[in-house]
Amino acid sequence: MKLIKKYIPLAIVFTFGVLTLASYYVPHKVSVDYTELVSQWENIVYAFAFLLGLISLFYSHYNKIARKADGWGYSIFVFVGFLAMVIPAYISGGKQGSETGITLLGWSFRYIYNALSSTMFAVLAFYIVSTAYRSFRIKSKQAFVLFVAAFILILGKVPLGQIIWDSVLGWTKCGVSDVIEWIMSVPAVAGKRGIMIGISIGAIVTSFKIIFGIEKQYLGKD
Amino acid sequence: MLKEKLQKFFKIDRRWIFLLLAVMLFIPIMKPLGLPNKTISRDVQHSFDFMDKVPAGSFVLFSLDYDPSTRPELHPQAIAMIRHAFKKNLRVGVVTYIAGSTGLIAEIFEKVPKEYSKVYGKDYVVFPYMANPVAVMTQMASDMYGIYNKDEAGADARSLPVMQGIKNYKDMALVVEITGTAMLDYWVAYVGDKYHIPVIGGVTGISQPGYGPYLQRGQLKGLLGGMKGAAEYESLVKVPGKGTSGIDSLNLGHLLVLALISISNIILLIIKYL
Amino acid sequence: MDLLTHFWTWLCGFFVITPAWMTAGAWLAAGLTIFLFSFLYKDNPFFKAAEHLYLGAGMGWLLQVSFYSVLVPKVWEPLMKHEWLVLVPSLLGLSLLTQFIPKISWISRYGFTFLMGYGAGLAIPVGLSTDFISQISGTVQPLSMMASMTPWMIFNAFLVAFGVICVLFYFFFSVEHKGHMQKVSNIGIYFLMIYFGAAFGNTVMARFSLLYGRFDQLYTFSSSKYLYATQFIVIGMVVYFAIHAFFTRGGKEPEAAR
Amino acid sequence: MIKNQFGFVLFSVLFAAINVSAAKPSQAVKKQTPAGAIPPIENLTFADMPYDVGGTALLKWDVRPTDNPDVMYQIYVSSLETGGWIKADEFPADTRTGKDIELPFWAWNASVKEHVVKVELPNYFGEARTTGPVFNFKVVTIKDKKSFDSGIVSGKTASNWFRLDRLNNLLLLVTIITVFFWAVSHAKRKGLFIRRIAGLDAIDEALGRATEMGKPVYYVPGIGGMSGISTIASTFILGEVSKKVAQYDTQIKVPHYDPIVMTVCKEVVKQSFLEAGRPDSYRDDINQFISQDQFSYAASVDGMISREKPAAIFFMGYFMAESLLLAEVGATSGAIQIAGTDQESQLPFFFTACDYTLIGEELYAAGAYLSKEPMLMSALKVQDFGKLVVMVSVFFGIILVAVGARLHWDPFVQVILNLFGAY
């Protein structure tokens, strides 16, 4: 039992891990075909994994409605929203547009899903302002550097800011776009690169731990 | 006393900030302010000059491939360039390879042609959405009616007055591609370079820097980047529109942020040293 | 049977998108947009409704995507053509669902381990080449043009290299950051601060463009063509908040904004 | 470890030596030709493009003294025994030498003395039939509208088994694996030092505050899948945090984006409560599934935070644009916030909106720091070793390249750049 419960899964990790790793160094047709096949498989497995989430969502909101828990009425909207996407998808066969214009799915995508997601995304504009108001206070030397970098970037991105810069600092013969260019390609690159290199090493080491079965927390216990 | 007041201002209810931002961004939408736009960038000027020099009556192909997600930046670009084409009495053909853009195209032609009293079929034509852009682009090099035998409304494309004498790229003066995808690369690589037809692009602000090499080698005759590009083109065509109001909004928004962070630091200084 | 097909054609005809549908859509989109924005003022039932609707719509959209772009073309159609190999990933995928039955939930490990192994195998060489080797060469390479570089460019190239080393030192965990070590790692922090500030400032414009887009949409919906959708809904919300405030005036105000 | 580095150095020296010997001028015999006439193409050879999947052919021939921009070369290819020529390429005669093929010195002799042209056969004959059958090639020289055919060469392309150009990558990989196993097998319970990580010391403070106020703690593991490194790191931290939560007898909530991560986290939290001796306080609804759609997840978690007003919020794992959506609402509701992510694009927002932020790799180190687990600690040592390698190679690399470029030792500079090239 331990074999099929533990060792075979670990063997699967090892096999696919090593094969995928090796395919990077092997240009042969066999390796290309392997990569294509397995990435397609991964796609399919993820599609099923999605059902896991869907069932969890339905289960928890069905429970709320059944138990008449606090705010259970809102849970009905979860099912309404779900059907508002799935029924049009079925009617339109998964296509958003046809030669005559948009389909019903295109309609619900545009007026429901897209309206909601782009609004949520746009809310960020408000938060970015209030965060800036709260956090760009010069309380230390480090905060000062943070402030200056952000200030120049925000100023120099719009025409009016460029005009202001030119009228105040025009005598330096150094346009704000040049300064931005320098910040983005010199000190900011150094900062970002340092983070990236550190992360990549961490990722590599963790991947080894997964492939060699040292890291197996994701298997759950026993 | 002053200190306490300032302290209070320091912890201002952030909903006031939200309101301020909303107002700042909304005003220009209702009425473009036309705040000073520093300079016209080189690539936009080139685009304008190129279009301006196309002789009247020539055929210009617009490929409008953007969906609502990139609408704020690209829609004004498309409108400004189509206005310019109409102003110069050019014939306009529109194709698209993104399903989501059909509605946006319809929106443009509901309004813009009327301003220049242009007539559908005679001065401009809209072709239906096609999947598989590269195949269509290649086909259009020999005979565009092989694909576009009908216009969007289902009428025979060949018999439309606007299409007289137009068979393939050789008969067109210019291709304008406005997109938030990699479609501009396709137009440059598969059409512009291969069949020697000039291409002008309109892209989002984020992808703009990537097209430097194409511009440098002249594979692109000009490029509009983001809201700023649209605003600049509008000021060249002298019809302020959504691009101008958009850049106004961004101007005001950015100044608001700068003002807020400056104020909060000044208050910090006063509290600390007074 | 005949009646059923008849009904179906009638139903499909009903779902052809007409201008009336567009107007209805405008009201729906304007409503949902304003409900979500209303959260910026404070939590309210309309936001809660929109939020829950969004949960369902988001999952519905994803289901539609994974059904029509993965399960149908990559599983169902190959199976119809008797390509049995797709059964392997399908079974691995189905194994994940045993999570819901604790007794046999170990079966799901087969699916997990496949995903983990593939992901790990993919991450290693890519991490090595793009985030590791390329970043080193990106730091070193500019100086190979030494002959044609101005002193300023040379200074910049050295500055980047110096910055990278300092930032990496900040992430060095094996030594206590004291004395000179402290100084080096502090310089690293300054580079990080510049990056953070610049990245923050660089994003502001993109976010504002998005918000402008939403506002522009709302403005479009406020026209007579869409029967003044935006105005009606905004006024409705304001009235709701006013009434709500009036009736809860005596009670405690839960919103603790700062 | 030292042995390995020595091995690496040895390898580099060896390669440098090969390169030097290969870079010697080849003994091509130059024939004198009368001015104006085009000498025939010499030494035209066919080769299979090395280290690729097949389908790409290489044509090489000697550079001639008459190769200037006015002269054009055209490459023709045919799959038939006679005729059937297809024009594959055209270029000025002063371009395309061995130097233009982007391969490192240990895998390719970058000579400027011969023209080298890649012909991608699938572009003309379809993907399926290009590896295996024999193809014919010829080169046509065009000068002043006159064309001169070369002889015909033929050959077939092959699918190769090893990317020699990625040898530097592979060697680095082998080095890291060796160090990794050395470190893992020497993992000890004590004696490994790890520096203080500021954000983590705040965990106790945050949890203490939550206990005092009687409000819940939120732990947001982000929107990454289980194979993401940051998510794995996050589950470790969740283990430690929930252990403390159980000890303090506070409430914790973990809203999830990924169902697989949720099942893993359920086990982790259950185990922690057990270890803390409070299995009775464990409830199954600590971990909640929210949504697998990015912004609806954010909207919902925002709603939950603003309603329940948690005393402390942890954002640990993989985050995208929702980082600020969540952190700003958390800040407004007055929670102490501790964030950590390896998404460098989102770090600025966490950094400004949260009280403490684990930057990039600190997130990975956090699990080790909190648990003092020997296995995690030794992995951390491997990471430090990797960073040391980078720091040393950047330091020496930049000096050597600068000196080399200054003194115009071009081959030397190329060797160094190739060593750090990603192919």
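Note that the chains are named A, B, C and D in the order they appear, and that numbering of residues resets to 1 at the start of each chain.
One rule holds for everything that comes next: contacts are C-beta pairs under 8 Å (C-beta built on N, C-alpha and C of every residue); 3 or more make two chains touch, one makes a residue touch a chain.
Source: prediction; values computed, not measured.
At the far end from chain D, in terms of centres built from Cα atoms, lies B. Looking at contacts between chains, the pair that accounts for the most C-beta pairs is A-C.
If each chain is reduced to the centroid of its CA atoms, chain C and chain D end up 22 Å from each other.
Averaged Cα coordinates give chain A a centre that lies 27 Å from the centre of chain B. Put simply, the C-alpha centre of chain A and that of chain C have 5 angstrom between them. Counting partner chains per residue, chain B has residues 14, 18, 21-22, 25, 250, 253-254, 257 touching two or more of them. In chain D, the residues touching two or more other chains are 166, 169, 226-227, 229, 259-260, 263, 290-293, 295-296, 299, 332, 344, 347, 349, 352, 359-361, 383, 386-387, 390.
Multi-chain contact residues, meaning those touching two or more other chains, occur in chain C at positions 36, 39-40, 48, 50-52, 54-55, 57-59, 61-62, 96, 99, 105, 112, 115-116, 118-120, 123-125, 128, 130, 132, 135-136, 139, 161, 164, 168, 171, 192, 195-197, 199-200, 203-205, 208, 210-211, 213, 257-258.
Remark: the chains found to touch one another pair up as A-B, A-C, A-D, B-C, C-D. Considering their complex, residues 166, 168-169, 172-173, 193-196, 225-229, 259-260, 263, 290-293, 295-297, 299-300, 302-303, 306-307, 309, 332-334, 344-345, 347-349, 351-352, 359-362, 365, 380-381, 383-384, 386-388, 390-391, 393-395, 397-398, 401-402, 404-406, 408, 413, 416-417, 420-423 of chain D touch chain C.
Listed in rising order, the residues of chain D touching chain A in the complex are 51-54, 131, 159-163, 166, 169-170, 176-177, 180, 184, 226-227, 229, 232-233, 235-236, 258-260, 262-264, 267-268, 271, 288-296, 298-299, 321, 324-325, 327-329, 331-332, 342, 344, 347, 349, 352-353, 359-361, 364, 375, 379, 382-383, 386-387, 390.
Interface of chain C with chain D (complex): residues 36, 39, 43, 47-48, 50-52, 54-55, 57-59, 61-62, 96, 99, 105, 108, 112, 115-116, 118-120, 123-125, 128-130, 132-137, 139-141, 143-147, 154, 157-158, 161, 164-165, 168-169, 171-177, 192, 195-197, 199-200, 203, 256-258. Interface of chain A with chain B (complex): residues 95-97, 99, 101-102, 106, 110, 114, 118, 125-126, 128-130, 132-134, 136-139, 147, 150-151, 154-155, 157-163, 166.
Chain contact summary for the complex, chain A toward chain C: residues 5, 8-10, 12-21, 23-25, 37-55, 57, 71, 74-86, 88-89, 91, 93-94, 101-113, 115-126, 128, 132, 142-143, 145-154, 157-158, 182-201, 203-204, 206-208, 210-211, 218-220.
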